[in-house]
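What follows is a pair of complexes built around subunit A, which joins subunit B in one and subunit C in the other.
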Partner chain A sequence: MNPLELTLGIMTAVGGFVDISELVFAAQAGSSFHYALIWVFAFATVGMMVLGEMSGRVAAIAKQPVFNLMRHRLGLKLGLVTLLASLVSNLITCAAEVGGIAIILHLLTGAGYRLMAVASVVVLIATIWVLPFKWIERAYGLLGLFMIVFAIALVKIDPPWTEIAKGFVPQVPHGLSDKELVTFAYFTVAIISAVLFPYEAYFYSSGAIEEEWGRKDILTNRVTCTVGFALGSLLAISILANAAQLFGPAHIDPQLPGSAALEVALPLGRTGLLLALLGMLFAVAGAAVETCLANAYSVAQFFGWAWGRHKKPWEAPRFTIAWIVLMLVALGIVLAGVDPMKLVEYAILFSILVLPLTYLPLLLLARDRHFMRDHRNGLLANLLGWAFFVVILIAAVAAIPLFILTSGGQT
Partner chain B sequence: MRSILLVLSLLTACSSRSEQLAALKQLRSATAEWALVNAQAVRQHLPAAYVDGMRQAARKQIRQAARSLDDPHSDAARRAAALQALPPDAPSDLLSREATALKMTEDQLESA
Partner chain C sequence: MKPSGQINLIGGLLDLPILDRNGLYCGVVDDIELDDRGGSAPQVTHLLVGPGAYRGRLPGWAVWLVARIAGTDVTRVPWDAIERIDSSVTLNDAAEAFGLARTEDRFRAFIPKWGAM
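After this line comes the complex of A and B, so read on.
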């Protein structure tokens, strides 16, 4: 297996795990609760591996991306509701990513925030238009690997590794006040939502079809999901652990993506800071591409249009117009002056509400003997898939009350 | 009717206290972040664009938090006003002390 084949998983995972929301949430989680939320990342990562593998396998065997399944399994009405909800969720997320890129570019160059937002959208549209799908995933996936500097910074500050290891054990910290317990619950739900963002499944399964995966790629799919999502999780946990060590004692609850780069600047200095900012830039740009394309894939697949970046833009005109318009709408939201960090909060909230509808049709099809034949879910995949589905349902029900009670994790 | 009014007034009080806590938390965190950026700017020779951008962001958050504070004569409001009067390259020690003081005020409000 060619290692470059892993780039779809790396781009999906780095863009999904260390996007703008994770840069803020992971750092805040570490700063507020030290290592106590590491297990939530690990747990949700296993969920994403299971469900991601399923979506890739279904795409490879049944040749069905997630949104095709939705329409057929949920029916037109419920499918349309899911489409609208996921459009809103992905659009808000895409706008947050564009705002995040503008902030990072502003911090790198000193140029104005709005100017950088426009410039970044021009570059993103140009890269999606010009580059074949394979090169989109390779460029953003591999450049996002600059984020490894966060793991290096963690090794450099030499944190209490046994404490970090204990963080992998499911726990609720002792001695929390009622308010802190509610905030802890909010962070738990928000991390599950951020790790399992629905756009990752849409992008990954559509990407598998773009790359014309078949039976021979089942192993590639499994390895890609395991390695890619584990890597994304490692980076997110590094951000959390760095924040626990450096921000917690300084009374900082990082509110901006630029703060995360300070985690690297403290142990690694100016070069580390620049590498961290570049890694964040490419990871967030990858997430912007993912969310934008995921939205266009969803609409095109739902309405049965020709779609895909393996076609020339003019061979799939409605798909092409969809992703360009969606990217421009995201830019419009940013230029209207909406705070990207507020967008992050709403993106997390909307996503968790869409998650059950995203994964239910997938779970149903993945165990279907008629479509999947000898590659249908085994006992373990079924057990894990449905167990995570129950967790997602509980998180979706709890999300809105927790959001209101904690003012989006602010109190 | 009376019980409904009582519940509503309690909810309003809780909501107001929650907003004050959120504002204090934002004020304290932005101040601490500003302190850290200023300390590292000197120690690590961080790029000017990054330092300026982070200072601007921290000061903007302090302004936002100050506007959300109810009582203009409170300790937190006075500290917020003093912080806004400081130059972007204010000494990190001073900013750290302010962040610590704000943390104490926040803890008092939280435990009240």
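After this line comes the complex of A and C, so read on.
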């Protein structure tokens, strides 16, 4: 295990953890329910660690990414249903990320929202075209580390740390009205969906193939998933705790991503605000790249096309056309005038519906003796994996009724 | 596993990704062609590769949809061309030798060959 590679991998995982949905929902969760939803972030992050580790391990040992083996495992019909559902879910998520970038760039420059959406997609396409996979992943992940300013801001405002620590204990706050209880349940489902987005499993396992992982990388995979995701989750929890401390008492509902940046502006001033916006920009841009590539990976792997950004774009032509077209469709959705915050809500809803289809084949593969041999799931991994799968199933069943009852989490 | 060994065609072969001798992804085992020898057990003669082979495995609307996304090509790869079967099927020659690179080559013409590291 190369310590430099490992450190860079962890830092990339930290910087790349937060995306537009986590930004919005963490701030809203903190403002509406103070620290009572911290445990959901922590719980979902453990799920992401377990399932992320499995997808990296399957890629390293079976030498195939999740989607390649999904069709073999689920069969052509269910595989196609999974492909179509994840395409829709990832496309909406990608559009939400592009909309988020445009909002942040609008805040940074004052230029028009639509113009910034077009400019951001041009830069994203250029980045994916020019840079090889490892550089794409590292560049956005490491620049996303500006998000640490949210943790610094939290330390600066010196919140009630005991209350924050209590937030890690699973709870439903006392004294909520029926309407507030339903909203609390919706936020619980939304946070699970935002942390466990299906594109993350596709991107992570395909990335492992791009970087030619093998048995020697099993430990790197485990450490990156546990330490990297845990530290990344702490950034999301910092956003929630800042919002609880600053927005909650003022009854501010931070529905826009820009609101989250104000959490930093109050204690750290103009420089803090700039760093927060830059961190958000790169974190969300990284997520846009990941969702777009994850979609292209899925299509290419399902149909058996040459794929990967470790190849030159012309060495995998159909894959290249796929990611360019998918990025342009995401831009088209933004330019059509769909409210980016509505896109975030739809992304959350569609993702939770797709999650069971994403993780079922992964759980089946990770315990498969034929593919995984001595690296198949042990008792603990199986137990945790299936326990989280049951949680995901319950969340998926509850998602649509909760979405309707709360009008998409309106508090 | 070598193709001469026992293999479960549905659980161990169908829908596996195919790699050529150089490690290039060049398709998926979309169907299998059998030679019915009238009385004796049928023999697998070819792998069918390409979305054109989905007909019969998917409902009509899905075949139509896949045709819009991925076309209707189908290529027959001889059983003897298989080098190894594990989590993928590895062929004993380059994709071009079996006609599995034709579609990629067709699309390659549309991609500029500059600017990438």
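Basically, the second predicted complex is superposed on the first by the 394 of 411 C-alpha atoms of A that agree within 3 Å, B and C clash if a C-alpha of one lies under 4 Å from a C-alpha of the other, contacts with A are read in each partner's own complex, and residues count from 1 in each chain.
The working rule: a residue touches a chain if its C-beta (ideal position, glycine included) is under 8 Å from a C-beta of that chain, and two chains touch if they have at least 3 such contacts.
All values derive from a computational prediction rather than experimental measurement.
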| request: Look at where subunit B and subunit C land on subunit A after superposing the complexes, then choose clash or fit. | output: fit
| message | One more residue to check, A:G112. First (subunit B), second (subunit C), both or neither? | response | neither
| said: Just to be sure I read the superposition right, which of the two partners does A:L131 touch: subunit B = first, subunit C = second, or both, or neither? | reply: second
| said: Looking at A:Q255 after the superposition, I want to know if it touches subunit B, subunit C, both of them or none. Which is it: first, second, both, neither? | reply: first
| said: In the overlaid three-chain picture, which partner chain does A:L277 touch, first (subunit B) or second (subunit C), both, or neither? | reply: first
| said: Output check: A:S407 vs subunit B and subunit C. Expected answer is one of first, second, both, neither. What do you get? | reply: first
| said: For A:G214 in the superposed arrangement: first (subunit B), second (subunit C), both or neither? | reply: neither
| note | Min C-alpha distance, subunit B to subunit C, superposed, in Å, is 34
| query | Of all the subunit A residues, which ones make contact with subunit B and with subunit C? | reply | none
| Which subunit A residues qualify as touching subunit C in the complex? | 62-64, 68-69, 71-72, 75-77, 79-80, 129-132, 135, 299-307, 312-314, 316-318, 320-321, 370-371
| remark: In their shared complex, subunit B is touched by residues of subunit A numbered 103, 106-110, 177, 179, 250-256, 258-259, 261-262, 265-266, 269-270, 273-274, 277, 407, 410-411
| query | Of all residues in subunit C, which touch subunit A in the complex? | reply | 12, 14-18, 24-28, 30, 49, 51, 54, 57-59, 62, 66, 69-70, 86-88, 103-104, 107-108, 110-113, 115-117
| message | Which residues of subunit B touch subunit A once you look at their complex with the stated criterion? | response | 18-19, 21-22, 25-26, 28-30, 32-33, 35-37, 40, 44-50, 52-54, 57, 61, 96, 99-100, 103, 110
